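Some structures are shown below for you to check.
You will see two complexes here that share chain A, one where it goes with chain B and one where it goes with chain C.
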Partner chain A sequence: MSNYLLFIVLPYVSLVIFIIGSIYRYKSRGFSVSSISSQFLEGRRLFWGSQPFHWGLFVLFFGHLIAFLFPKAVLAWNGEPMRLLILEITAFAFGLSAFIGVILLVQRRLTNRRVQIVTSKMDVIVFLILLVQIISGLLVAYHNRWGSSWFASFLTPYIRSIFVFDPQIDAIASVNSWSLKIHVVSAFTLIAFIPFTRFMHFLVYPLDYLWRSYQQVVWNWNRKAIRTSRAHSFGKKSKNN
Partner chain B sequence: MDIRSQVSMVFHLDKCIGCHTCSIACKNIWTDRKGAEYMWWNNVETKPGTGYPTKWEDQEIYKGGWEKNGDSVSLKGAGKFKGLKNIFHNPHLPVLDDYYEPWTYKYQDLFTAPEGDDQPTARPISLVTGEHIDVKAGPNWDDDMGGSPDYARQDVNLEKLTPAEQEAMFQLERMTFHYLPRICNHCLNPACVAACPSGAIYKRGEDGVVLINQERCRAWRMCVTACPYKKSYYNWNTGKSEKCVLCYPRLESGQAPACFHSCVGRIRYLGVMLYDADKIEKVAASSDDQLVDNHLDIYLDPFDPAVVEQAKLNGIADSTIEAAQKSPVYKFVKVWKLALPLHPEFRTLPNLFYVPALLPTMATVQDGIYDSTSKSLWNGVDKNRLPMKYLASLFSAGNTDKIVDVMKRLMAVRLHRRGVTTGDISKEEISSAMDEVNINADMADAIFRLTSLATFDERFVIPPAHREESIEMLENTADVKGNTGFGFKERPVRGL
Partner chain C sequence: MKTDFQLLKTLKSRFYMQSIQTKMKLLIFSGVLIFSVTHLYGENSDEIFKKNCSSCHTIGGGRLVGSDLKGITSKRTEEWLLKWTKSSQTLIKSGDAEAKRISDEFGGLIMPDQLLSDNDIKSIFAYIASKGDNPSSASVTSAVSNTSDNATESDIQKGKFIFEGIQRLSNHGPACISCHNINYKGVLEGGLLAKDLTDVFSRMGGDAGLRGILGAPPFPAMTESYKYHPITDEEIGYIIAFLNKVDKDKENQKVSSFNPLLYGGGGGVVGLLIIYWLLWFGRKKYTVKKEIFNRQLESI
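Our next item is the complex of A and B:
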């Protein structure tokens, strides 16, 4: 029963909340979507926490994504023990980096008076989820070797079964590792909390900056069209409104 | 030719009395909010001095503005690669202490303190943490050269001077200062716009005002770094950047921006300039000695029929062209050549120009006797108390000839007016001074009039915004008749 709740109900509830909540917040609460950076109030300690934390998570996120999307490629890579070892050690290093980062960030939030002022209740939840997620992930990586290989044959089918609306939980339910179960459950919890926390900011990562032109000019209305009454037509709403 | 119109500005530094009324007018309207207390979209600095935020002009610290990069320019401390690389921690971001920690006083203590031997005091409390602080800096901490050894001596513009010249500036009998009021320059090549990863900052096509869309700002903080004038500010409470909006709601309804309107010394002028947007990149990438000339060349003559025709083709309203022809800024910058941009070497092509202050000339000290007499009524500009190199570092990317030329022009007008009003200066001296800089009596009188007697409408020539037409472009007004206007707008509260 609890397996049913944790590995079928929770994922679907989380995904629905995530999708509807994020779209709603982006569309009608645009002002609230921000990384709400606190670097302005405290910059030096943020560097030591934020950099290892974000880069660690950045690599781990894409590591998980690749393992999910291209399981065969990962298995092929792991065919050679040396390569498996390199992959696992690299991933673990980034995990440790994220762990050290989040510890420093929590410490900074707890001890810097200015940063305390801008810490909301939701930030506490963010840190709790992150701590559970990162610690459980490190435990899984350490105790249940070698994750990069069994992820492909074991977790990929489960996650895929969720996305094709045919959830298969036998494998995950029968696994004898608390840290792995916690890791999966807290991952879905994290997804559910995205629309209600500052997690939102990674959804608006400004990738489009790479292909946009540097300068931006917004015309509220097309003066050329309005100067001749024949060309008069109702224009598009300008981008700034 | 892509002609656009730009609302531009001139500040006449000779007239600035450093009263900070402009700053207060701006603060009362725009930045009297939580998270914005430390912001001064308009501030008045004392020069020499370190300014606000401290040493903002030193781009080795803050990495603002553009750098020449072959035939083009690239952002010094931001941009696509550098910006996204530093997005998790921006190493060049000024922090609160580089400005100052805003505070108020615990006035209630004056009333509630128990009876005692001492006077009750109102202690300063931080507006960030709400706790008692020892105030270490504030807005205009170095006002009127207060604390010179720590502030005026650290002025970034002094680097261009030899140690002897620097020393001479700080001898008591030579010491002088002038004020430097600063607002956003609403640049033609804005670095903040280019640096914003979210694309939240944009330049308005119609009048060139640079604005931040608060709904799209995601607090990546790159604009704060990129603006070399440090006129984009981070609101630590809402997690959004904010900047001077040139009081656009006032502009659109034909009123001068609050800082302009309230200016006691009437140093501020506002008007339209027509410019060629195709030239921006090339001008921004000019060599240092050509930079000012090329920058001023980008503005077009609004009386030239070819320019007018092209402007109309480009959709610029007749009323705007008319405003450009009456523009006081055009006169100061292009016709009279009296105003120069602040720090043009940042290559953002600012649209705020300054008439440098014609400061008192030096006195001499010999055998301990202070002697300020001179043969003529005013000494020549070469005896100016502030070295030309210093002013050139501020206003002409180090080109002293430009400054000397402006100074001679200002002096010629003074001599001419002295001749008109009292006549105690020889005609030869006046005409030689005027001929040298090619100013005739009519021009000198016009400069005098706009400088000292100008009315409100002469100082601020604001083009009509034609909002009635713009609304018709956006909506079918008959269909929405009786509706609630702009509709619901989200309250600017901090996100979770």
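Our next item is the complex of A and C:
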């Protein structure tokens, strides 16, 4: 019964909330779709939290996605024990990177008063979900190792079964690993919380920053002159990009 | 000379005789067909028994890997037998006392789930019932011969490669090492999601037990993994040969306490932190405001 709730009902409820909620928020309150930066308030500790955290999550997110989309390729890669080791160690290192990052970010938010001012209740939930997700993921990788191989073997079919509306939960329900079950459940919980939290910002990653032309920022300190200026002109597109 | 009328009569009677002959032929043919179908059906349950059950069970021949099934139908209800055959583990987990007792009696040895239709299972038990009602008196356990005892070095080596994944399974199933660990020199530390297989050969009933499990895995995660990628009989033979060898050699194997993930991951994350540091070495290390404040301080 609880398996039915956790591995069938929860995924569908989460996905529906995620899709409808995200579209609604983007359409009705588009400018709130962001993760409000606190870099102006505190930058030094943010770097050592944010960089390891985001790079860790970035690599792990795509790692999970690849194992879901191309399970046969992952199994083929893991065929050679050395390649399996390289993959698992790399993934574990990025997992630790995300863990170190999130711990530093939590610590920063708890101890820096300027950051506390801009902290919302939802940020607390975001941190709780992330901590559960990252710690359970590391425990799975360590205590139930070679996750890349068994993910491709029986979790990919489970997730696929969710998307084709024919959920098969025997395998995931039978697994003798609490950390894995917690990891899966908290992943679906995270998806449900996306529209209500700063998680939303991963959907609007500013990819065009990679190829847009440079912006020239002019620091003009005569603010009165700026306010009263009648000589505004549009900037020229840079020629070096 | 025959008249036209007589000719017509002769033709008519011939035609009549031919039609009777055709009908007779049809009748005989149908009879043969019905007989052979019923006969085949009878053979069918025998065949199913031989294919699915006989590697572990006998009917009146004594205990093999599993119990002697003679007279089983008089001991248990059809409903119970259906449940047990389809998934013994589900029945045990449901708290059925009899199922648990049997599991304990056989030292927790797992009977693989049989992916057979209700009708097939019923016909097997009808076949067993036809062999006699009285429970078998042959209580002596038959000696189980393990053909893997005579496996060649090359077979064992093939099994090792399949176990590790170096030799891919021909139907592209995942390698054993994904979920299982064994303590054997020269084999990478295995997965820890499922049971350790170092002594699985003696624990799970030797050749017959392992062949049953690998042919039709009774554990849901394993069932799912090999549902569309079954392991071939030949590959099962190699794997069993290797596991037999591992089981025999287990006393000589060192238990490795080295965990590649811990050291590799720890070293890796230090490397990553250095890379982040170098990549953004020229970053603005303080807030923009700090510079503004400093400038303002200078101007005062």
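The rule we apply is simple: the second predicted complex is superposed on the first by the 207 of 241 C-alpha atoms of A that agree within 3 Å, B and C clash if a C-alpha of one lies under 4 Å from a C-alpha of the other, contacts with A are read in each partner's own complex, and residues count from 1 in each chain.
Everything below uses one rule, namely that contacts are C-beta pairs under 8 Å (C-beta built on N, C-alpha and C of every residue); 3 or more make two chains touch, one makes a residue touch a chain.
Bear in mind the structure is a predicted one, so any value in this text is a computation, not a measurement.
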Between chain B (first) and chain C (second), which does A:19 come into contact with in this model arrangement: first, second, both, or neither? neither
Counting only touches as set out at the top, which of chain B and chain C does A:214 meet: first, second, both, neither? first
Check whether A:73 is in contact with chain B, with chain C, with both or with neither, and answer first, second, both or neither. neither
If you stack the two complexes on chain A, which partner ends up touching A:174: first (chain B), second (chain C), both, or neither? second
So, A:128: does it touch chain B (first), chain C (second), both, or neither? neither
Between chain B and chain C, whom does A:5 touch in the aligned arrangement: first, second, both, or neither? neither
Does the superposition put A:200 against chain B (first), chain C (second), both, or neither? first
First (chain B), second (chain C), both or neither touched by A:36: first
Using the superposition on chain A described above, determine whether A:51 touches chain B (first), chain C (second), both, or neither. both
The shared contact residues of chain A with chain B and chain C are 39-43, 47, 51, 55
Given the complex, residues on chain B that touch chain A span 75, 79-80, 83-84, 87-91, 93, 95-96, 128-131, 189-190, 193-194, 196-199, 201-206, 211, 213-221, 224, 234, 236-240, 280, 312, 314-317, 469-470, 472-476, 490-496
Residue set of chain A touching chain B in the complex reads 28-43, 46-47, 50-51, 53-55, 113-114, 116-118, 120, 122, 196-198, 200-201, 204, 206, 208-210, 212, 214-227, 234-235, 237-240
Would you tell me which residues of chain C are touching chain A in their complex? 164-166, 168, 172-175, 177-179, 188-194, 219-221, 223-225, 227, 259-262, 264-269, 271-273, 276, 280, 283-289
Given the complex with chain C, which residues does chain A contribute to the contact? 39-44, 47, 51-52, 55, 72, 75-76, 78-81, 84-85, 88-90, 92-97, 100, 141-147, 149-150, 152-154, 157-158, 168, 170-177, 180
